[in-house]
Every structure is written in structure tokens, then in C-alpha cells.
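Across the two complexes that follow, chain A remains constant while its partner is chain B and subsequently chain C.
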Partner chain A sequence: MASRTVAKDIITLRGSAAIVSEFFGYAANSILYNRGVYPEESFAKVKKYGLPMLLTQDEENEIVGKEWLEAGKLQRVVMVIMSKATKEVLERWNFSIETDSDVVEKGVSREKSDREIMREIQAIMRQIASSITYLPCLDEPCVFDVLAYTDTDVPVPFTWIESDPKLIANPQMVKLHSFDTKIHKVDTLVSYKNDEWDEQ
Partner chain B sequence: MDPETEFLSSKRQTGNEWELFKENVRPLKRGRNVDLLNHALKAHTNDQLKKSLLENRRRLIEAIDEYQGDDPLQPWLDCIKWVQEAFPPGGDFSGLVLIYEQCVRAFWHSDRYKDDLRYLKVWLEYAEHCSDAEVIYSFLDANDIGNTHSAYYIAYALHMESKSKMKAANDILNLGISSNAQPIEKLRDAYKKFLARSMRRPNATEEELKEDDLPVRSFGTVLARGESQRQAIKTFELGRNKLKQDQVHRTPLSIYNDTNMDVMRGHHSKPSTGSNSWHTLGGRAERNKENNAMPAKWTSHKIPQRPVPRIVGAVASSQIEVFVDEECEEKPKVHDEKDRTSSLQLRELDGRNIKKETELLRENPLRNFPSNSLPR
Partner chain C sequence: MKAQRGDSLNRIGTLQDDSTTVPPITDFRYHSSFSSSIKKQPASAFFFIPCVQAYRQKLIENLSLDSQGRPFKIMVFRGSPKSSRKSIRFVDELRQEVAAIFEKDCKQTPYRCIPKGEKRVLDAPRLRNDYYSNIMSWGMNNMLAVALGHELYLWNSEDQAVHKLLQVRGGNDWPTSVTWSEDARTLAVGYMCSNLQLWDVESSKLIRSLQGHSGRIASTAWNGHILTSGSRDKSIINHDVRAANSLASCIKRHADEVCGLKWSTEGNRLASGGNENLLYIWEASKMSSSKFLHRLSDHCAAVKALAWCPYQNNVLASGGGLSDGCIKIWNTEKGICINNIETKAQICGLEWNRHHKEILSGHGYSIRENQNKLCLWRYPSMTKVGELGNHKSRIINLCQSPDGITVISAGADETLRFWDVFGPPTAGAGNSMVSDLQGLLSFRTSLLR
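Our next item is the complex of A and B:
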């Protein structure tokens, strides 16, 4: 069987944190765009991950700072879509993070092809855009919130406040692809409200 | 542990058929259950699964007939939901349009369900499958169905907007607001969006829209008809004319037709010359001529049962057996049944008949209704 040598790149903790943090920014924008949370006009097209991606113009696009990631203290990032009128949680985009603690503690680095990481991220972005296949139509104005699950011993910047998890009762859940930098592994799950035909 | 954490830590996976075959899936407003979707997508190529699909359908149809409880609409909804899940592409072979039609016809004169949101939703979904849903909205209006719900006014107004009848759309939304339809906030919000769109309208040309090269955002374009029909507004009114009229023959413009939604076929059978004058009586009588001429029962229209091989059609597999022939009595829940609304009869239809019936219903959604129920 033929073998293929894939050029590997060195991934450092900082580099990985940067990749993951950037991913969250683009993923959040993709969700905001595809789910119609912000109007189309607020987005501009950029090239990223080999795909046309969209970013909002006037907002800070770093969703989660890199410090938590570098410290290995970030466990999960959840993007919540809620009804503007009722604050009911309609969708949750759940990104769980596993960090290689060896890397954090000992400062070693890992090897993985950058292109492969990019392909993995690309697969997730494609799935986010395709999720309209099964997600309920959001036909009311919605608001967007980001929740970060961290270790308890982490100092919290003042821009974040304590919150309840804003869960959906009896959610439908779909697991999407993951990506792995060999230092941070990110799993993706989207959960949404069950069908409401039966609601009176 | 909350269900999401549990799912994440379990390392369970979700099948990826939904993504592989996403072009074959018609999005539903209410969303879909992904496990059922994946199962249905697999079934089209797997005989074992197909058998279980057929079994399920049989069971659900029986459940409609055998239902003894006090909410006879429920088994219909179960069946409809199931057909939607089991036939992800929807389409003319799924029998979905037939079942919508039978469901709404079973209860149209029932006081019990006049204000039932679930019942209204069946009507609205039926309307989305028809070439010209206006007759449905008029019917609902004339029979006081669903007029306490915002969803009715929003759908009706969007439809009128798609025909460029902006004043009518405006009036409908206002009527809904002044009737305090619920939820009122949703209606007000829809009205605001409508006003914003109507202000943009004079400048929105097809060329302008084509230059928008952002990645296609499917949110809203399939399900929220107001937006998607911006492109087709100009061409909609000039569809083919079914009547033998010597009016100016307009060359049919190519109308953008999303393969999963046939509502834009533009079969405008009104004899108007393009101005908005309403030759209402003539038009309606012409359009409903099948009902006026032959107010016969559904059961008397027997389509000749030919033992033809099953048609492959739009669905990947041709082996799916369709509605089982079962003689069944209409439930005695119907009180003042002066006119025999047809008994519910799910006949044995092969793929071609389902398609034919579906096409007939799309063109004339109220063809099986007794003529005295139709709006004048």
C-alpha cells in the first residue's frame, strides 16, 4: 500500500490557542449569518479555511480570549440563540474543548499538518451552513449569547458575568464533526427545541 | 448531567446521512428529528428499513381510523409528521399533499378545530404546496378558520405580497393586528418587516439581486416566502394562462422554480388582462368549474386501476408501496353533515396515481370540497 508523507507543522500551545480562538470567531459569525440572527447587510465576505466566510463589520470578532485556552482552563464554549421577545432558548451551539495537559504543564509542542487542521475546520463550517436541513425555522427576532465553561480557579475578566447554563428542555441534539490540533480538541454539538406542531 | 453534556461525553455519533443527502431534504419549518431523517435517507436504499417504513405508515393510517379518543386531529398529525420525516424530499410521490387535503377536509366544518393552531398549520402547509393558495386563504376567511392566530395573517399577507398585491397584504396584516391575533408581537414584527420590504420594492430588480454574491443563505428563502419571492415577483403574474382566451398572449417568462416548492407555477386562471380588475365571479366559477359542474363525492371519482409497474419517479427507489386500500367509515364526530363530505378513503394508489392526484390538488386545492363550502 502506498504511503503518503504529509508535511507536519509544529503546533505550540500559543499557536493552537490562536487557531481555536479564531475558529470560535468564524463559527460564531457563521451561525449569526446562517441562522439569520443579524441581517445579511451586516456581513462581509472574506476567504478563510478555503471557504467564503462571513464576518460582521462592526463587531469585535474575537469571541473568547486566548488566555483561557493557553492556560488550558476553557472547557466549553456555548453559543445560545434566544427569542428576543420571550428569551426562550431556541438553539445551542456547543463546542467542548479537551486540552492536552502535558502541553500546558511542560510547554512541549506537537506536530500536525496545518492543512489537515484546516480541512477539519472546513468540514465543521460546511456542516454549520448545511444545518438548515434539520433546524427549525427561526422566524422571529433573536438574540445571541456566548457562554464559557471554565475551570473554577480561573480569574474572570469583567466583561464576563456569571450565568445559568440556559439549557433547552428535552432538546434534539446533533453531533457534528470535530477538529484536533493535537493540543486542543474541539467537539461540536448543536441542540434545538423539539418540534412544536403539537403546541396549541 | 444535562442531556448535552451527557451526549458529548458519551462519544456517541450522529449519522451523517443528513449531510450526504442534504439536497434530497426539504427543510421543514418545525425542524426535523435528525435520527429519523438519517433513517429515512438510509431506507431509500435499504430494503429492510423500507419494510419498516411501510409498516409504520400502515400503523398510522389504521390509527386514524381506529381512534377513539376525544382529539381526532391528533392521529392525523402523527401521520403527517411521519410522512414528512419518512419522505425527506417531499415531492409529488410522497402523498403528503393528499394527506394534507384529506385532513383539512375531514375537519373543515368542525367548530372544535376552528381556532386550533395545529389544524391551521395543516392548512398553511397545504397552501404552501399549491400553485395558487389564494383560494385556500379565502376559504379560511369565509369559514372563520384560524383567524385568531397571527400565523394565518402572516401567511396570507406574504402570499398576497408575492403576487404584488401590496395593498391587500397591508390590509390583511392590519386586520390581524386590530383583531389582536396571537402572538401579537410576532404579527407586529412581521408588519414592520413587510413595510421595510415594500419600501425597498421599487428598486429591487432581478439584476440587482443577482449581483448579490454572498454565499447563499438558505435561511428564510425556502421557508419565509416573502423574501424568496422577491426575485419571482416580476415574473409571477405572467404565467401561463389556462383559459381559452384571446387576450394578449404573454410569453411565459422562465420562472425560477425551486424543485421542492411548486407554488410558483403561475397558473393564473383569472381572465384579467394584467390590470388588477377583479372579474371575480367569472374567474372563480371558471376556476372551480370542476366543483360546480360535478359536486360528486370523492368516492365516485375512481381512477382506473391499471396494473402498471410502479413508477420510479422522483424518489430514488420504486418499491415503496403506497396507500393501502381500506374501506373505512367516517367518524361520527361530524355533526351537521348535510352535505356528505367524502368519507375518508385511502385507496390503493400506485406511484403514478399519487402524483396525478397531487398535481390535481395543487392546481385546485378545494376540488373535493362541497360547493356550498366555497367562498362566493
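Our next item is the complex of A and C:
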């Protein structure tokens, strides 16, 4: 049986960390835009992942340092959206990361088609954008926080401080697609506060 | 709780550890049921420990162990010092800026003396009851120019002398707009029949007649040697009064009568309000191209009252007519409304207080509150400081004295009432006000006959 040979690219630990870190930047911006945390005017369109992506103008878009990813010490990144007035957590965008420890320890590289990874990320971005169809409306001004779950031996850099998980009580959860660079696997999950209307 | 937890498990199929908040450790009844539902999960076998203390210890550990049993800690991103995390909307930012500035400067005067009555009342017979006209102007020369019917009078605030400047013959024409130039050497008078005249008051002579409009001129504003006029013909004309051919630019943007016109204090921006409820902001340098800077459509009625903030660049206050009744504060740099007060009454005039951070609004018709009153609002909080007014019918115009202490309200009850409402809060001023209140409401100085 003739098998389609997909050209595979070499993915190094560093390369994978860069892909994942970049993904977080764009995903975070997409969430901020789609959920209306920042006003629309503060975003500019750029082309990425074969989609028109939106980035805020003057925020630094690299939220998560690549060092953690390269050391395999980053377990997850969570974007928490809270009500500005009450500081109640309304939404939690959870990105869990599984790192291939072999790669971290032995420095080997993996193979996977870049296009394939892009396609997987594209699918997630599309899902984030379409999440507004089922997520409850955020009609009050909101603020957001970025949480990082790391191994306990990671020193806290000065741009971060220790925090509580900022959980939602009785949330609804929706699992989105994941993507895998063969070195880092990122799962996406959004949990949100139950809309009062949904009570059965 | 238990049922909920089961639900979440079924929904996703794998345990997500932060799906519920964990109640206090002392609630053992909860925890025993909690642990039994965890039976399904292989990784949490450590729950089945008989000893309470060890159990408690494991529970604490569990809070920082993820589903793989790996310990973790949580950090939240604070951002580097230079990139301030803008997790608020622009409007809130602007409001915070404004509030921060004034929280520092503003001397909190808890007791603000507002005069109970007018300092003076002048008879104003035949004052036209027309919302759109702007028939009153107080010049730097301390002369008040006011149009009453077909006649225009000058009242000297220093010696209370009255002088009739002009009278229009014929029944169909009368002054609809009166404005002193900034140096008070020239008086601009706009008419019902679309004529615009410049008068030299020293000699009581007509200097020039400016053409250009085809409808009544209800609003005029000076910016140095530029005289801007707004008309019922929906256009705004800028005249350069020094040039032989005065017409500098003509802007046709409004869809109805231009009833409000005000140049900013620096002279770089013009605000124009129309009867179609629109407010336009123009830049002085771009007026010949008819390109507006902002087009603001928040009002639901004619925008006649306009006033630029004297202590903050590019902040404008606008007031709406009867169906609107809102005072809106704008950041004209960004074209955003930073504050909105519903006064529930027609607004005919707005005057900023230069001595306190306040703004005064003059009102006409209302179905509910503030009818025929003057309301004083603290800025930027926009809380109501108080209200004044004894007008028997609606207020048509407001203007303030050159020293910024007195405000005059012209009413449809054919009176001009003087209010020393803007003055400094010292006890001295309060006392003199009290002594003035002797001859209160019945005090009428019939000067205009």
C-alpha cells in the first residue's frame, strides 16, 4: 500500500519551546480580543497560522519565558478572566503542557511536519474564536491574570509572584483540541462560571 | 457537591484537579464522601489513610499535586515595570487619569456656599423665547450685550449704564446671535434673515456686513480674527474679518441647524452642535477640507450647550435638549465620552467654574426635575453640589462674567438674573452675599426702558 510520505521537519527542544511560547502569546491575545477584555481598537491584525490573528499594540506579547519550556519545568499556563468590580473569576483558560522528559534530559530531537503542527494550532485558534458562541456574555469590565504552574524548584522571577489557583466554583468545562510538537504537548480547556440561565 | 463532581468527571472523562474548590479540611463528612468518589482515580490512592493527621497532611499535599502526582507551584504574572498591564478599558483609564489629577489638586471644601438668591435681576422685556438663539454675551470690557426682540442693548456692569446699540426696522428680522470678540473691540451680531454684522462699540458704528448664509444665524464664536457662524442653512462658515473677501471656509456637514458653536481655549479645536443631535469636533487647521476630527452621536436631542474645560485641554462638556437632558463630558483627543449625567431636563447652557472644579448647567423644560433651574455639578465626580433658580419659565441662555464669578441666566420670563455662584469659598464672600440678599427676589432694577 502506497503511503503518503509527509515531509517531516526536525524539531529541537529550543524550536519546540519557541513554537509553544509563540502559541501562548497569540492564544492569549485571541482570548482577550474575543472575550472583549480589551477594546477592539487596541488590536492589530497580523497573519499567523494561516489565519488573521490579532495582537495588542503595546503589550509585550511574550508572556511566558521560553526557559521554563526548554527546561521542561512549565506544567501549565492559565489565563484567568475576572470581573473588574468583584474580582470574581468568570473564566479560566487552561493550557496544560506535557514535556517529553527524554528530550529535556538527553537533548535529542524529534521529527514532525511543521505544517502539521501549524494545522493543529490553527484548529485550536479557530475553536477559541468560536467559543464565544457558548461562553456566557461578559458584559461587565473584566481584567485578566496569567498563571503559570511550574515545578516547585523553579525560582520565581521578579515579574511573577506566588499565587493561588483562582478557581471557579462549580464550573462548566469544555475541552478544546490539543497540539503536539512531539516534544511538548499542549491541551486546552476552558472552564467558565455557570450562567444562571443554565440552571435546570 | 458529590453529584457535581461526578458530573464533571463524566463530562470530560479525565480528572481535572482544579474543577472544584475544596472546602475546609475540618469538614470530615464531606471528605469521606469526597474520597469515595475518587476511588475511580488510580493516582489518588493515598486518600485511604486511617490516621486523621496523616490524612490531613496528604490532603494539603494533594492541593499542590497535579493529576500525575507531580508537585507544582503557581505564579501569577505581574509584568515588567515599564509595560503597565492595561487590564482595564480605555474609558476607565481616562476616568482614572482625570480623577487622579483632581484628587491631588482639589482642595476638598466640604461646605460649598451657594447663594440662595440672585445678586441682581434685570428686566428684559421682549426677550425672545427661542431655544436656539444665543442672544447674550459678556465681553472682556465688562459690557453685557443682550438682544431683546428687535433691539440690542449694552449694559455696563461697572456703572450699570444702559445703551441701545441698534434696532432693526421691519418686522421680520431680529438678532439671533450675539458674541463679543476676544478683545471685546468688536461685537458680532447674527440675524434671523441670515445677515452677519460686525459692530464697533466704542463708536457705535457698523463696521462690516458679512454674507454667506441663507438661513438664520443662531450661533457664533470667535477665535482671534476668525469669526465662525452656524446657521439654519446647516452650514458653518469661518470668516477672516481682516480680509476683504472674508469667507475663509464653508463646511456643510450638519444635517440640520447649527445651534451650538464653541472654540477651545487654545483655539485649536471647534465644537459644533446641531439640531440633528450630532456633535462634531473640528481641527482649526483642517477646516477648509470639511474633514471632522470626531463625529459624536450620543445625544438624543439638539446639542446647543457646549463648553470647553478651562483646566483640562481637550475636555468638552455638551448638553442635550428636551428628549436628551444629558450632560456629556468628552475627551476630544480620543473622541470618547468619559462621563454622562442625566439631568432629565432640557439643557440650554453650560458654564465651567474657573475657581472651583465645577460646571453649571442651565435648564428649560422638563417633565420631571430641574425645570427652569441652574444646577451646579462637581467635576470630575459629577455629583450635584446644588441648584439655584427662581425663573418662572425656562432659561434660554447662560453666560459668565470675565472675572468668572458671576453667571447670568436669561429666562423666558423676560428677566436676566445674576448669580454670584462661581466665587471663592471664603467666609468673606459668603457674608457679602448674605447682605446682598436683603433686597432679594423682589429687587428689580428696571434699567432697560
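For this structure, a couple of remarks:
Everything that follows uses one rule, which is that the second predicted complex is superposed on the first by the 194 of 200 C-alpha atoms of A that agree within 3 Å, B and C clash if a C-alpha of one lies under 4 Å from a C-alpha of the other, contacts with A are read in each partner's own complex, and residues count from 1 in each chain.
Basically, a residue touches a chain if its C-beta (ideal position, glycine included) is under 8 Å from a C-beta of that chain, and two chains touch if they have at least 3 such contacts.
The structure displayed is predicted, hence computed values, not measured ones.
In the superposition on chain A, A:Trp160 makes contact with chain C only, not with chain B. In the superposition on chain A, contact of A:Lys175 is made with both chain B and chain C. In the superposition on chain A, A:Leu135 makes contact with chain B only, not with chain C. Once the two complexes are overlaid on the shared chain, A:Gln75 sits against chain C while remaining clear of chain B. In the superposition on chain A, A:Phe43 makes contact with chain B only, not with chain C. By the touch criterion defined above, A:Asp145 lies against chain C but remains apart from chain B after alignment on the C-alpha atoms of chain A. Contacts of A:Tyr192 after superposition on the shared chain: chain B is touched, whereas chain C is not.
Of the two partner chains placed by the overlay, only chain B lies in contact with A:Leu54; chain C stays clear of it.
Once the two complexes are laid over each other on the shared chain, residue contacts for A:Val108 go to neither chain B nor chain C.
For the contact definition in use here, the residues of chain A common to its chain B contact set and its chain C contact set are 92, 94, 141, 165, 167, 170-171, 173, 175, 189, 191.
Residue ranges of chain A in contact with chain C, taken from their complex: 37-39, 41-42, 58-60, 63, 75, 84, 92, 94, 141-152, 154, 156, 159-167, 169-171, 173, 175, 189, 191.
By the touch rule above, chain B contacts chain A in their complex via residues 2-4, 7-8, 12-14, 18-19, 22, 25, 27-34, 37, 77, 81, 116-118, 121, 183, 185-186, 189, 213-215, 217-220, 222-224.
Chain A contributes residues 33-36, 40, 43, 45, 52, 54, 85, 92, 94, 96, 126-127, 129-130, 132-141, 165, 167, 170-176, 187, 189, 191-193, 195-200 to its touches with chain B in the complex.
Touching chain A in their complex are the following residues of chain C: 4, 8, 11-12, 16, 18-21, 64, 66, 70-80, 83, 85-90, 92.
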